[in-house]
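Heads up, the next two complexes both have subunit A, just with different partners, subunit B and then subunit C.
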Partner chain A sequence: MPAYDVMPDIELFQPVSVEDAAELAGRLGEKGWLLAGGQDTFGWLKDRAKSPEAMIDLKGIDALKGIRETADGIEIGAFTTITEIAENPIIKTRFNLLASAAAHVASPQIRNMGTLGGNLCQDTRCWYYRRGLSCYRAGGNTCYASGPESMNREHAVFGASRCVAVSPSDTAPALVALEATMIATSANGSREIRAEDFFVGPAVDIVNMTTLQADEILVSVRIPNTWANAEFYFEKVADRNVWDFALVSIATAMKIEGGVIRDARILCGGVECVPRRLTAVENRVVGRPKNDATGDAVAALATVGAEPLHQNQFKIPLMENLVRRALRA
Partner chain B sequence: MNARLNRRRFIKGVIASGVAATASGNWYSAVAERPKGAVERLLSINVNGRTRRVDVLPQETLCYTLRYKLGLTGTKLGCNRGECGACTVLIDDVTHYSCSMLTHSVKGRRVQTVEGLQAADGTLHPVQQAFIDELAPQCGFCTPGQLMAAVGLLKANPTPTREEARLGMSGNLCRCGSYDHYLNAVMRASGQRT
Partner chain C sequence: MDIAKVREDVWGREVIAGVSWDLLWLVVVAAFVVIIAHIVIMLVLKAKAKASDAGKRLERHTPFDRWFHWVTAASVFVLLVTGVFPIIGINFSWLTIHWIAGIVLTLAIVVHIVRACFWQDAMSMWIAPSDLSEPFDDAQKPGKYSLAQKTMHLVMSVLVLVVIATGIALFLQIDTPWWERSNAMTEATLGWMFLLHGLSTLALIGVTALHMYFAVRPEKLFYTRSMFKGWISEHELSANHDPARWKPSE
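Right, the complex of A and B next:
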């Protein structure tokens, strides 16, 4: 009979402990594929653009699920769904930036199925690459998105190095703003990685979007109380409000005292292969009130050094305007 | 497959012949030689309150199992990539795209499809009745998915505002553009519109 199901023939393992999953991931190496909610995974497999031999399903591992309070903040298991994060009362009251970013991911059903770990580890949405073309990121020796005729409206305006793909995750800029850290485990032990160092651009590694190795599992994300209850702003501009990835998004956390901004973290998504920290803007807003005048004064700093491609120049005014909007009183 | 063979008849044929149909072809026999450690292929899954025994490939999506192995063709396959909502089902009362999940991940969980909405005596579910009363569907292709999205939404939030309902239904496309009628039906089913 014909196979209507377009899924390829692939092995499936369903371990119930992190240790077993890490052992499998180590043994299978590049042939293995960690499976969380599958919302990034199944596209790759159905299109035959990636062909791992086995999936390691993390769903049965209870230790990867849930949100708990720690001595100095909260810890979110990597297999916590995006919906749980968007609706969790602790996250909504103390770290609403993350709840708001999570609520902007994809569609309700995808948020019910997709996990935080998967959202952070998902691969870029550059369609040349996802189509299965052998570009730099796929191990080849060209970039199809940066030529004069290329379709690159969605691509990077910063940090290109042969590859011009952007980070697709809505939760990533929020977590960098909140100074989160990621805990990764392999058969050789665990390590803690700052969110800012977790995401990597093509100049560092052109085939991976994160520092995770093939045998490492993201176990949890820790958010310290550093930015708890700060003033947050999240906005995502996309072609449609549902399903579409950010053309540009902004995630900000600010501490305001005595009418002026004392400290700020300002990040943009959709403009670089990693969440882009607008350090120059952060520095300039400190000591100023949060209002339109400040927004107008600092907006242009957001895009200094930008190198737009021929179809994505609109991202320059868009980024600047998002900075202005984030700074409205 | 013979192109002239009527699709619905073909589907029925596959379901009736059960194992024989799924066991033919090298697409399947390659799978039979799996090394140890892989998942068990014979699954018991709870669909619409009944336990169904079914032989499931490791990579099989729930939508495929429901439609082509259990004969529950009310669940539609639209895009097959999480972008339309036609395949929406409830897993433990929560909406999921059945095209984008493995059948192996529903072990021990309750699956509800559009076939499971009406009562045993054939009385329509209140949401189904509201869909009819509001003339919500046009061509009907997206309707089973819209129904399941509406039922899932009202289980979590029995009296949503219109805006909350809009958000709750936002993962389901309608090619006929019947969105406002579906929203009216959700508001009617929640008792907020008569």
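Right, the complex of A and C next:
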């Protein structure tokens, strides 16, 4: 790093209302950067890989914080910390899948600072991209991670389209399983986005990981009671127990009556640029008991269509084993 | 306004990354200005009386030629939509549709070249020196194709060939059902391919806009009809072409 290298000039805005923040986001557009807990942002800045002209610090907006009960579930402000979510009694009681996923995010220090919005909107951890190389995702013409000599152990086995990066969010699969809705606001108004539609793969948008526009702010996440108190399972496999991103994770929500699965939503993280819903597995487990036999019968369905890279074939048996484990009695 | 985007490659060297898509708006505005200017000029000039479509019908385009034209037009249209819409912010899963349309266009052009070389009079579409006086001499009428049509064909041919050649090079850089991407092209070469592909695309947008404009001009509509139905009338032939240089069959 050259000796003259210092933090670049960034104009800092600290709005105290969502309206002001949305107005700023609309005015600054691509030049602006939304700052929440900073756990993704500061990495980019320290590596000098991104250099926004202006930063909108959302910390002063109280409306973005906290967990509220609504008529049909709960609403979580986007600035609510991951620790608050992991420890919140309502979430632990009714939507423990999210609490469990939140408890697996990074490390205690990062969970204390990191926010739900930041965890959902964080950029991919592909190190070629994070290094600042001019890959497809950075607006370039190639993918450094998918070549025959590339380091792609952590990358996608599904849905790659030129870019092979994966979503690093632990809470994303849980929220899709819970049929959550994201609320995004801009100066032009608010819109609701189904969690399933919130994340976007490279085939549709190769430079963004969510459908949020440059002028939009994720203000909250609503979780309906549809899956409240269902049977949940979350497991994350990573190289370290803490402070690491998932190689593969699984988030399941199941409604079980009389020992038989009546409905299920099963998702994997770390295998695609979006949380991957295992619909073939979901369809097959309905009407069957939750036990090892069912797990063995459906596990292979989880990986149909997988296209592993040369260093991540291990994700195939890992996904199948996670499905088996999620379906154990 | 830049013509090319420049980026650093993996070694930190500056390389061309592709065309600057700001040029898209320049092309759109330029095409619009040319069309408006032409409309004004045509309004000022005395309009030529429109030839009647009654009477004997003479074949201008065979069914095969018409099919070729519309297949080519459809594939170019799909290629432009799938290539340009994501750039202007309309996101959808475009890549597979794009390369399938590219294959259709390539096959159509290959068939057309072979047919034109061995079964048709390829020179009838080539610009001869004698054609150059055509715009300045009211008495000189063209054979089957006017100088304007030959010029449009020549420009389209060059642009489509460039877009196909660079498109094939770029096609090799993505995964398809038949191969995995080669990853063999350097970033500098890849950037040049993207630049040429982008420039030819931008030019195609402009030329296609002009082509469509001329296709719907009142005095040219009979050509458009002939591209649908195949025929022009005897009056239209004598008013716009030299029967001595082009003798169509009935």
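The criterion applied here is as follows: the second predicted complex is superposed on the first by the 322 of 329 C-alpha atoms of A that agree within 3 Å, B and C clash if a C-alpha of one lies under 4 Å from a C-alpha of the other, contacts with A are read in each partner's own complex, and residues count from 1 in each chain.
In this section, a residue touches a chain if its C-beta (ideal position, glycine included) is under 8 Å from a C-beta of that chain, and two chains touch if they have at least 3 such contacts.
Only a predicted model underlies this, so the values are computations on that prediction, with no experimental measurement involved.
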Fit or clash - subunit C, subunit B, common subunit A: fit
Superposition-derived comparison: subunit B or subunit C, residues of subunit A touched: B
Touching partner for A:G139 - first (subunit B), second (subunit C), both, neither: second
Which of subunit B and subunit C A:N312 touches, first, second, both or neither: neither
Partner chain in contact with A:T294 - subunit B first, subunit C second, else both or neither: neither
Contacts of A:T171 with subunit B and subunit C, given as first, second, both or neither: neither
Touching partner for A:T124 - first (subunit B), second (subunit C), both, neither: neither
First, second, both or neither for A:S220, with subunit B first and subunit C second: neither
First, second, both or neither for A:K59, with subunit B first and subunit C second: first
Partner chain in contact with A:P148 - subunit B first, subunit C second, else both or neither: second
Subunit B versus subunit C as contact partner of A:N112, first or second or both or neither: first
Nearest Cα pair across subunit B and subunit C, whole Å: 24
In the complex with subunit A, residue positions of subunit B that touch it: 1, 14, 21-22, 24-25, 27, 30-31, 34-35, 37-39, 57-61, 63-64, 67-68, 77, 80-83, 85, 88, 94-97, 100-102, 104-105, 149, 167-168, 170-171
List of subunit A residues in touch with subunit C within their complex: 133-134, 139-142, 144, 146-148, 160-162, 200, 203-205
Complex contacts: residues of subunit C adjacent to subunit A: 5, 7-10, 17-18, 86, 91-96, 173-175, 181, 183, 187, 190-191, 194
Parts of subunit A lying in touch with subunit B, wherever the complex brings them together: 1-14, 35, 38-39, 42-43, 45-46, 55, 57, 59, 83, 106-110, 112-113, 241-243
